[in-house]
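The structures considered in this document are given below.
You will see two complexes here that share chain A, one where it goes with chain B and one where it goes with chain C.
Our next item is the complex of A and B:
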């Protein structure tokens, strides 16, 4: 029980004192038992007032502090710091809001407002009486970080962390690094191809002793908490020996009789069951696709490097933080969506692969392509579907692709069926270039999308063009390109393992879009790149570096200090009904055996002090530090006037 | 339903258009245009039709003729797509479309063809002169006949059929239903616009240019009347002689000003002059000047021994009457006024 409490009541320069009789409030509380001093001040937040309060605390040996002023959102941190400067534990300071909750809300009733202010200040006083000093929870942090996904974002983050001296485990599900960017040739606004960019990054992490790369690897289990995550990694074998003969391997690819759709080329070509995606791909070793391999043994006959005896491995790692950069999937159009399936209709990623494969003539299915219709916002900004978001990268990517076709092939005509071109920022010059090359832009509203039909052997695209006062305009295209946006990975099992929450758009969610853009509510898990939402390469890099910095700040000191406002269990009364564990959104509660009895235990570094477990506990065995039942009940009794 | 024809802008460029594809449909041009109205909104719509290559929409439209090229749209276009010059280009293109002989298109698109035609006329006049053994009296007499017959012939075989084609495209094909009697009640529109070009006054700060143009038209028409009907070169009447001097002087002075402006490129409309624009203004200047000098030669009794002067005038006259009037820019005199007439017909509910 605190007995030397300082109470400071702020005028807020008239904001409060114009409606609340501050003197009367001071008079009403000054004689309460335990109140050492009560003062009213013009601006409590002013430097001189802050100094006065901290001096009072140290000189008068105050053991509790109440400041009645504005919203705690604004100045709770200010006065916490004042308390600490005066030598008072900040959890012995209680904030009373008499501006937003009183003077501003009841400017029509000064007497009532003053009465309410008195009650609120009295409640704060009784709460501070019951308050307990708390210390931050210190935990050890492993100086290692798992980066999930070796795309450009993951590799960039890995390199940054390794440079800072952190042990990085770079875990890639595929057998090759590079992710989506390795599927691109020329990149808009860069002198490099996507493959070169990937190679460049790979070389950087490859030479770094601090980075351990796992390919064909997946995190299948996670336990522990910030600073000490224990993850289990499943590594699927490549079936190729470590020391391998390159020429023999190429021969092995040649003789493999199994042909399957090549998903690297978005199924427009075939590949073998033993494959590599392109010559300069890293790691420079083919892999055997276990799902499709028939074990016919043809490859073993010509190649000594094949090793079918390799087994799946499970690896246990301990890391201080996890950085997820698991990327996106391109939207897959539905049958019949903008003519998908009628032939001569491809997606933008497919079209990029086609351009990559055609040198001086653009050929698709044996026919030369001259007139290309691009249909924008396929799978993005949907009216009926769930993907309400804009995929950001596609307008620029499409116009850039169109410019590429003009440069590479002759007599190309491009028709852009769009819903408003969004080549934001510096990318506007791409729009300008395409437009001056003679590209034609047609625009429709979202509820009147263009129609693609097969007419007399030609693929016809029709639109009610709002730029031609809604007239019906159509074009016969040799090829229709559906500009498909980004979607969250279809296989998002990693998110489920890590328990990263997803937004309505099914991408992983950050805590705060603007202020905490790479942290998740799972302490210690950060996100980067397109797994969080559509991004272009530059934006992915920004978030990768930002997430790397955030993850680094968690592990770099080797220990962590956590907020002590958490739930605690009364071991005597707890009978383990399990309801608290069900209610906990953070998985912080588990059952333990103590003295032959099942009871609940709270993981200190996982609990966020949300209080969800408190009301469901039938035996009332859980209390919250900083918001104890005693504090809350005493406040209620004052406010209820008893 | 209209099909896009991306190759159309290439065709249009031959008539003078510039970077039309640069247009991003902001509509600035339409907003600044002082002649554009809610019912007749241009030039953006015409730019759009051109970019998409919707020839039918362009062919049935009167809007290119409703623009008098003050050039404000081109000056303020944020994309330098020169909408004003596009409207001018469309007038050339329409002139070619209206012309059943297709010669207009050929002359507009090819400078060498135009020059060849002019050279052929020179050869023909010299041939005619030698055939008539350079007999001054006979040649001048036949020259006067040529004036009358060429006017009648060009009108009957070229201009009248072309105006009927224009009517067919812009009224019949455009699906406008006009009551027969309306053609008579609205005829006044045709006459007013033909002789006053009063719509040009709607352009901002255009009074001076309108006035220059007006006196040029009056000077030209009255000189035509003076030479053809009053036989200026053959008359003894002092009044007619001085009238002719005044009219021809007006023509070459005003056209000289126009040429000077085109050289200086002081106005937006003069910045992108097409060869056909130059031919029109130069030949009109030469017509006025040579006629003026020929009459001086007659009055000074020099013409007997200096037939060459009359032959020069005759060459200019024949080139004018057989090339520029039926197939060149002269036709805008008719198409502009008929466009105002047809537009008035369209607006009758």
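Our next item is the complex of A and C:
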């Protein structure tokens, strides 16, 4: 039992001390048996306070430490490091949360808050008395990383990691690389097209011996943990032989009788069942759309490279870290939403494809387009719908698109029905340029959006324009472009496999936007690009490179120290009923035979210390290191006592 | 001292704000030796000065201090404050040499306990730059309570050399014999994370900053709201009253070609919205009005945060403020075009906060001698390949992190720092490989 305990109570610069009488808390605990010193401090996390605590530990030979401050999510690691610097085993440190659980929660009741804080600190003191020293579990870390998604973010991360000497498995669900950016021609702020950017990145990873690219591939199962994830990858066949004849394949596409909507062009054109999206697409091989192919055999007649005998494969990989860069889906308007479905209404992604396909004249459905109405915030900043967020990229993307149309075609008139243009930062110059080109801006508030109707063969957009003191203005447009925002992937099965949590906006969530912006609560799994929230290309690249740096730091040493807070089995009393193994969400428990008896065994590197196995054990043979029954029961007796 | 300092590093990171700090930590965590320098007396940059941060309302000090502490303790990072780099030369092998200049602090940091007795003893009073002039400080002073290092410094410009601090110091750590230290270091890569300065609102005389006492900047308001705040409440400067009708003038020094700042500063809409929410907590009876052009609530959780402010009762008025005049009682009249009514309107407030924009720090190009660090038209460090390698600059081996390359908020600065660290690590590896081959 610990008998020289240091207790530090933080004011948090008023965050705590405005509501909790910190002096009273210190007075209440200072004479408890075993408490050597008790101190209150303005900011326990400040450098000088940290130094004071670690000096106290070493000078006064403390054997236990309690810091009462904010949530352990924020500063548990900080103070366990302080403990270690003072020469104390960090598992003899107990964190008491008197900010989130006391001062912030009870700002209306200062007396009650102080009483609660006293109890919480006392409970921490009895727990630290019973605490035992633990050693971290050392495991080997695989020097390989799986990057999920070969869009620009995933490819960029893969290239960076490969350059750093890491074996990278780049896993792409589609049969081609490039993701959403391959669907774009000219890019805002660059001299290259989206396709060129994709080609450039592909060439860099292609020449790299450290990168293995899998297309048509999907992670369907994950087990193991940080440093040693075991993932199962399902690879769907392309039905094209490795050594193939390009000319014959082009003929095969020609003769294929099946025509389906081309989702690469957002369904404004058709494609065959054997297809590629564009000439310079990578890998430079078409694929056969298994869902729509009728196996009529026409392609095989003209092409020797077709191979229908290819089978689905399952591949097992072991990696040290997983970097998810699985991207976004554009918002799909609902029937009737801003005139969706009445003919000449398209989405911004569709419009970009149309511009890509029209050279000197802008033609849609056989008619030349001159007057274009852009309606902003479709699927973003919704008043009634679920998408309360701003999609970030669309204002700039739309203005840039408008500038493109002016450059490419003659006599274009653009009308921007917006909710306040958000060309943040340097993107302001795009707004300026569009304004100079004569574009008209009309603005409404969220609750009063523009209306789209069909009148005498014309599509009419009407708005109460706040920029002209609420005048009703309407425009007859040849084409209405709905500026659709970004949404999380509709098929987010990979997130479920990896168990990445989502935010209220349904995008994947980081641990902390500022402290740990690319890490997830699943240790060893990082996120990058638009799967985390709307981002433009540069922002995606920044997050991809940050995630690469983080994943690299996990695997680069080849070994990892893991938390020793895990379950342990009492071999004497365990009678193997199997209930613990059923309860374990991480498959960390298995049956072994020892001394002729069946007992449960915990896999040290897989156990996360979640505690699910404890309550189901009928013989009470499982205990948790760092959270032993003794510690918890002593805390309960303090908290429940008067 | 000088003998103990390494002369060779893998990376030189210029600027120890949140972006430079993130870059340094990432590089150090994978085994690189980093020299992190800052011209200020403390690390943590602007972020450590802030109150709470949008859109999560986390306490800024609580997020910055653990990073600062990790930086200060990291065995692979050497931190030097009051230090600048200059005369950076790139060698033929791609490595760099730089002249490092450390200004004397006149205090032996290792011996200073931060007891503040020197502060009490010092008879000189000057404006406290860390409180943005809201209060005074002494010539012998600790920058602020959570500064790192938390050690005294002597402001020699204002010091009268009376010796009171020396007599008061219990550890004899004040040393007026310290001189400027200059020496050359070698490094494989340089990361520019020089951050930003705030727009000077006296350049817009019609807003009256500097003439009207109750017109303050957003950074002055930020200090009044921070945990290390000077007054422990929000006061208006003219008479020390608690204001109850506060106006924010957005785009002060942003999106304004007349003062040479055509672009959007990217953070002011959100920090003003945040301050408005914090003020509603600090002064529950106060009315808060934001005069804006467009609200740029674009980042993760930002639009929701803006909606939250509206539902709390913060008033948003679309209109550009043309002019501010002062009444005898110190109240202020704002004249603006109210876009909703289309009329020129005048409204009275008892305090005005100018939401000042951000500008890049100057003098970055002059650090380099035989290579040219290109700037963009707005004087930010130019990104040579913004879409593929956002941290790359016009000099191979020199990378940029944070606001040095463009206006950005804290999450974006941290990601930008992460990107710079990744590319810098690769450059270090590339240089090391080349050296081995030679």
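Heads up, the rule we're going with is that the second predicted complex is superposed on the first by the 433 of 642 C-alpha atoms of A that agree within 3 Å, B and C clash if a C-alpha of one lies under 4 Å from a C-alpha of the other, contacts with A are read in each partner's own complex, and residues count from 1 in each chain.
Heads up, the rule we're going with is that contacts are C-beta pairs under 8 Å (C-beta built on N, C-alpha and C of every residue); 3 or more make two chains touch, one makes a residue touch a chain.
Since the structure is predicted, the reported quantities are computational estimates derived from the model, not experimental observations.
**Student:** So, does A:469 touch the first partner chain B, the second partner chain C, both, or neither?
**Tutor:** A:469 contacts both chain B and chain C.
**Student:** With the two complexes superposed on chain A, say which partner A:352 touches: chain B (first), chain C (second), both, or neither.
**Tutor:** The answer is neither, since A:352 touches no partner chain.
**Student:** Tell me the contact category for A:12 with respect to chain B and chain C: first, second, both or neither.
**Tutor:** second
**Student:** For A:550, is the partner it touches chain B (first), chain C (second), both, or none of the two (neither)?
**Tutor:** It touches chain C, and chain B stays clear.
**Student:** Which chain makes contact with more of the residues of chain A, chain B or else chain C?
**Tutor:** The partner with more contacted residues on chain A is C.
**Student:** Classify the contacts of A:189 with the two partner chains as first (chain B alone), second (chain C alone), both, or neither.
**Tutor:** In the superposition, A:189 contacts chain C only.
**Student:** According to the stated criteria, A:428 is in contact with first (chain B), second (chain C), both, or neither; which is it?
**Tutor:** In the superposition, A:428 touches chain C alone.
**Student:** Between chain B (first) and chain C (second), which does A:514 come into contact with in this model arrangement: first, second, both, or neither?
**Tutor:** In the superposed model, A:514 contacts chain C only, not chain B.
**Student:** With the two complexes superposed on chain A, say which partner A:180 touches: chain B (first), chain C (second), both, or neither.
**Tutor:** In the superposition, A:180 contacts neither chain B nor chain C.
**Student:** Once the shared chain is lined up, is A:129 touching chain B (first), chain C (second), both, or neither of them?
**Tutor:** Touch status of A:129: no partner.
**Student:** Based on the A-chain superposition described above, do chain B and chain C contact any of the same residues on chain A, and if so which?
**Tutor:** Residues 467-469, which sit in both footprints.
**Student:** Can you name the residues of chain B that touch chain A in the complex?
**Tutor:** So the residues of chain B touching chain A come out as 1-4, 6, 9, 19, 21-22, 24-25, 45, 48-49, 51-52, 54.
**Student:** Help me check something: in the complex, which residues belonging to chain C touch chain A?
**Tutor:** 26, 29-31, 53, 56, 58-59, 61-63, 65-69, 72-73, 114, 145-146, 148-150, 226-228, 232, 255, 262-266, 294-304, 307, 318, 339-342, 376, 378, 380, 383, 386-391, 406-408, 410-412, 414-419, 421-423, 425-426, 429-430
**Student:** Which chain A residues qualify as touching chain C in the complex?
**Tutor:** Those residues of chain A that touch chain C are 12-15, 42-43, 45-48, 50, 70, 74-75, 77-78, 85, 156, 160, 163-165, 187, 189-190, 192, 197, 200-201, 381, 388-390, 392, 420-429, 432, 466-470, 503-505, 507, 512-515, 517-518, 532-534, 537-539, 541-550, 552-553, 556.
**Student:** For a test of understanding, state which residues of chain A touch chain B in their complex under the given definition.
**Tutor:** These residues of chain A touch chain B: 371, 413, 415, 435-441, 462, 467-469, 471-476.
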